[in-house]
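Structures given as structure tokens follow.
Shared chain: chain A. Partners: chain B in the first complex, chain C in the second.
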Partner chain A sequence: MRKIASVFLLLGIITTLLSGTALSSDNPKVIRIGCTGSNRPVPGNTFGILHQLHLLEDEFKKDGIQVEWNVFKGAGPASNEALANGAVDFVTFGDLPSIIGRAQGKIKLLAIHETRRAAYTIVQPDSKAKTIADLKGKKWGVSYGTSSHLYFSRLVDKFGLKENQFNAISFSGGDGKAAFLAKQIDALNVGSDVTDYVALGQGKVIYGTDKAPELKGTAGLVVTEAFAKKYPEITYRFVKTYVRAAKLGSEPKNRDKTLALWSATGTPLSTYKKEYENVPLALIINPVPDEYTISHLKDGIKFAKEKGIIRKAFAFEDWYDGSYLNRALKELKLEKYWPASDINGKPTPR
Partner chain B sequence: MRQTVRQKVITLILGLVLPVLILIAMEVVARFELTTSQLFVEPKVIFETLVDMIKGDELFINLGISTLRVSIGFVLGGAAGLLFGTVMGISRTFESYVGPIFNALRQVPVLAWIPLFILWVGIGEGFNISFIAVTAFFPMALSTCEGVKGVSKSEMEVGAVLEFSRFKQLSTIILPSTLPAIFTGLRLVLSITWMAVVGAELVVSSEGIGCMMYRARQQLQVDTVLVCILAVGLTGYTMNILLEQTEHYFLRWRKVAG
Partner chain C sequence: MSKIKLTMLVLGSLLINNATLQAADEENNSQVADQNLFDSNGSNEDTKTVDAPATQADLQGVRTEITILREQWQRKLDKGTVLSTRNANLSGSFTVNYGFYNGNVTSAGVNDGFKVGLSSVGFKGNLHRDYEKGKNIDYALTIGSDKTSFTLLPSDIWLSYQILPSLDPEKPYLKVTAGQQKKPFGLEATTSDDKKPTVTGAQFASTMKLNERDLGLLITGDLFPVNDYGFKYRVPLIEYNFMVLNGNGPVGTGNLANADNSQDLLGRIVINAPVEYSHVLRGLSVGSSYYRGKKTTNITNNAVTVASQGDRNRFGADIAYVNTPVGFTYEYAQAKDPVAKTVNGVSVLGSTNSDAHTFTLFYNFGEQFVKGYVQQDRYDDWWPTSYQPFFRFDRLTPDTSKRSTRTDVYTVGFNWFFAETTKLQINYNRTFAYLNGIKSLPDNALVAQFQFGF
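Up next is the complex of A and B:
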């Protein structure tokens, strides 16, 4: 009798444990998000809107799921390390780091986070350099493993030059800026903050993506395959909320609010206004891949393989999982909302 | 007592047991994906990367640059430390003046000097060499000073009795007696200067093995990082052997006296 009771007790314990395990695997306790920045709130684009308006927190509150934001000063490479360590589930980062992340690990591209990211090469105000070739042998600050690295590589390649002809010094985070302002280096690649350097007389532009639009960057939203496989519905709800935020931010009536929201991170509002002057925000905050962004990312994969930045190339189609985005667009009736561009960035019907 | 060939082979085999076990563990973890981390790579991949890097010259070029920096910094810092330590060991007055600040400054971790050096010297070869030289200076000075102070009184008395000049005392009694401590200092300085060069190149450089490691890290190329670590380890080990041979040559009188 005692033996039978013991068996039933044991079965009961095992069943409870298993059902407990099954229950706990329906939802994660926390959704961990990573992005690039140097402070809070989270900078730019859709993630900035999501973060400051607490849209994800509101979406998952009823399920008791917390949302944890991790801002990485080390930019894309730091995000990749966090993904590799299993420390984050969703990340937005630039084209090159996301390509590196995919080449080395199991992540899926869910949506686009930013397109047409501008980049510029600045030199010291008193520099005699007028072309990229004039920078041969000079100290040029490069953030390896980031979008800026891809811009640098492509820029050098565009002019038929080699990277080892330049004294490219590796920097991460804001160290490059500090070195440039201290006149320790001759050139630096910057983004939309170029206007600050020029306005304050701290640097002058010798080349930029305004002259070579094909060098503009793209950023994406990725998820770890493990998370998406374990929590497909949570992943879908994340993407749906992401699309809602992108819609909110890209609406013309919300333009001023969106720019003001972005400038809360410290980048002046005037910088954003100048950067996006006469540019509809729907073109920038556009989660839907089109020929322009897809061709850019495909070129990025090919280029990274040629330059030895990644060891193995991969097909874009194996990387991008549009099922969540397409479902969200359909449910929110936004399939035709966002503009599409052809391979040259010209408008094309969806 | 000299080791027999058999003993040397046994020592070598025993020394290889742990590295082989580590390689097996790495292979098992990577192949069976026992961890979700992409930071574990199969030894085969590391080996293939090593071969590619050797074929492509970049490993030897960057290792050569770092080795040159270490050598120059080692010589400059070591020489300055030797001189400073000798004077501090001989002269109590000098030690009274500089001892406190010397002992305070040598407590500062090596890598903490980097921001200051970048500001003082700027980014470039000047920063690399001066930073490495400073990291070599402190342990060399300390070892030398302790060695000089450790010269036996009886030997000094012999010099006094024979009315040696200050220079002759230094060259025939003090420095030979201090040589063992100097070589101990040199071995310590060698490992510290390698740490310094990799640290400096990790922070800011355009070439060198530390720079290679940094860029590989940024591109999540763990295999390249591991190859660089292996290269630094082997180079440092080789330099240490050369130093040991040099020590055996200069201290051969110890065997004769023994």
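Up next is the complex of A and C:
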């Protein structure tokens, strides 16, 4: 018995030694960031600016804090998995995965990362389908657990249809594209890369967020409650640096270069230019929640609960912690900088 | 006094105002610095170049480049590339270790030194891909070495077909696999070597011949899946396996066909906790396995040998909790094997019952087993370094009618995952053999092993 106890004691010592790195200190040794890319280790939007200009690295260099970027291939679900396993501190991801992440874990929404994320449904070039209703019973590629899932659910709902009237097939990564190009499925949900399919004659758009802006997606910046509680000042400095990057990307004079920076993600510059034609980037990377983004996320929570995607609903107000963002906006004198939009996405006074 | 107070108040306000102004200046300066940094990162000329319309000469240049690349690719393909009619993934797994042995139980006659352990190389791939429903046909062909002579023998030779669609995670899966394959009995025998924490497997897996492959037809399926889309996590409430097999072990040891006309049967059922990813019970499962077969045993009386068939049955029960960062597994296995026994001077067909208990407790530091985390876009050959200390208790009682004769092995170990497919394992085994209740001196073995693959 004494020997068994010794074995456990030895294990305990090893465990303690290994966990030494995680012992409490004033500052973290590393800030771990999770995000999604497009086949390159470069994120887009405000994170794209932060990453490429090394703003966070510069901000925390004097404290000896390293910044670790983790660009997940598995999009939102991979971010949620990393959060659940305590592998990351800050994450940006789309509406549905972040809602699921909040429903199951302890994360706080700090700011908005992207608004008006486009989504389209394409069909085969020779398809006779003209409307969403024409796709009833057809095979439709949807990436479940991502923003594409929420778009799909809302889209069929918009036309008074039910999800089970379609043969929705969940794909991940490039599998959906492979299946569509192999003509094994009839329709596929895509994002701003829709222009590639259309330009190459590989598919045609049957519906999209250009016709229904209310179906556009919203992405957020979240932090684990544990990190924010343990390092409130570091969290604040992170958010402040994030706001500085968003400001740079929102400036009209920086537009061309911002889009060029984003194209380092692997999405062609031409795609960004077409997607954001006549749209100020300040609308896209506006970090400040407004009626438009708040209503979108609230609807998302409600929708996810109704569809059984999350088991327990929660209040947006309990999820969003604007204290860091408000302080940063105040210190940077940017309280009125970003335009606000009403529930329909129209400009409204802030 | 009031004048002093007033003066201090004025001075204080001036200082505060000055500090506020300074802070505002700093903020303005920092935003100017940000803009300068933004301007200096890549040149505006680059952006202008990207914006400039392409000319015919540019297009011709691109066409030429593509033509050259195409020719280069074709030449490589023709001259220096292994080709396959169908998709084939080549993989391999190897071990090399150094051990210190001291004792008379498992270490008896084992010299200190280097050893090459189990090694395997093989192909796995897809013979038909069903994009619509995922009713794919897959294959595997693996060759592995045995531990003693390093003779290469066929390991996996199978063909599988997804009977039910495998693309919809909300529906149950059903697959049939024919050929030489692992027997789906318990945890130890079904876990692949790269997932096992220990250098040496549990005693019962080899003595009950559960870790060896066999020829047969396996049906694998599940029921009532719970699907957590937000984490790409699917867990079926029930998993089941049913196998009809020769029961004669793997091909290559002289047994190319069945040894008798009877087929052995194996069934396994697992109940998983039907919970979402973040639930504390994720990774909890309870399983039970049953194997029913026959084995020929020679009975010799008066110099006449008669081949008699006796029951060779196995029963197993297991519970596992594999979560992050802690986990444990416990497995109980029971076996009944035919033996020749002497009763009143006459050799008759009898049986022996044996049983075993194996308990493993482990703790993970690092993200080695976080599937979504390790799949990252990176330019370098990155992999999260992870550590796994563990403890195992392993008891085998070869004859349950003599419980005081058994072997207990205590293992304390440490796994260091320092590259994607490579780990260093350090195991300290302390073995005690009990003979009729008398405990042997401890047998000690310290083994350090690299396990690597591609």
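Everything that follows uses one rule, which is that the second predicted complex is superposed on the first by the 322 of 350 C-alpha atoms of A that agree within 3 Å, B and C clash if a C-alpha of one lies under 4 Å from a C-alpha of the other, contacts with A are read in each partner's own complex, and residues count from 1 in each chain.
Keep this in mind: contacts are C-beta pairs under 8 Å (C-beta built on N, C-alpha and C of every residue); 3 or more make two chains touch, one makes a residue touch a chain.
Note that this is a predicted model, so its numbers are computed, not measured.
Once both complexes are superposed on chain A, the partners chain B and chain C clash. In the superposed model, A:N70 lies in contact with chain C only, and not with chain B. When the two structures are aligned on the shared chain, A:Q104 is found in touch with chain B and with chain C.
Of the two partner chains placed by the overlay, only chain B lies in contact with A:A226; chain C stays clear of it. Set side by side, chain B and chain C differ in how many residues of chain A they touch, and the one touching more is C. In the superposed model, A:E81 lies in contact with both chain B and chain C. In the overlay built on the shared chain, the residue A:A199 is in contact with neither chain B nor chain C. In the superposition on chain A, A:E331 makes contact with chain C only, not with chain B.
In the overlay built on the shared chain, the residue A:I309 is in contact with chain B and with chain C. By the touch criterion defined above, A:A179 reaches both chain B and chain C.
Once the two complexes are overlaid on the shared chain, A:V30 sits clear of chain B and of chain C alike. Shared interface residues of chain A, touching chain B in one complex and chain C in the other, are 77, 80-81, 84-86, 100-101, 104-105, 139, 144-145, 149, 169-172, 179, 182, 184-185, 309-311.
Contact residues on chain A toward chain B in their complex (touch as defined above): 77, 80-81, 83-86, 100-101, 104-106, 139, 143-146, 149, 167-172, 175, 179, 182, 184-185, 226, 309-311. Chain C contributes residues 23-24, 27, 30-31, 34-35, 37-38, 41-42, 44, 46-47, 50-51, 130-132, 167-169, 228-233, 276-278, 324-325, 361, 363, 365, 367, 370-373, 375-379, 387, 389, 391, 410, 412, 414, 430 to its touches with chain A in the complex. Here chain B touches chain A in the complex through residues 36-39, 118-119, 122-124, 204-206, 211, 214-215, 217-221, going by the rule given at the top. Here chain A touches chain C in the complex through residues 3-4, 7-8, 10-11, 14-15, 18-19, 37, 39-42, 49, 52-53, 55, 70-74, 76-82, 84-88, 96-97, 100-101, 103-105, 139, 144-145, 149, 169-172, 178-179, 182, 184-185, 244-245, 247-248, 251, 254, 256-257, 260-261, 263, 269, 309-311, 331-333, going by the rule given at the top.
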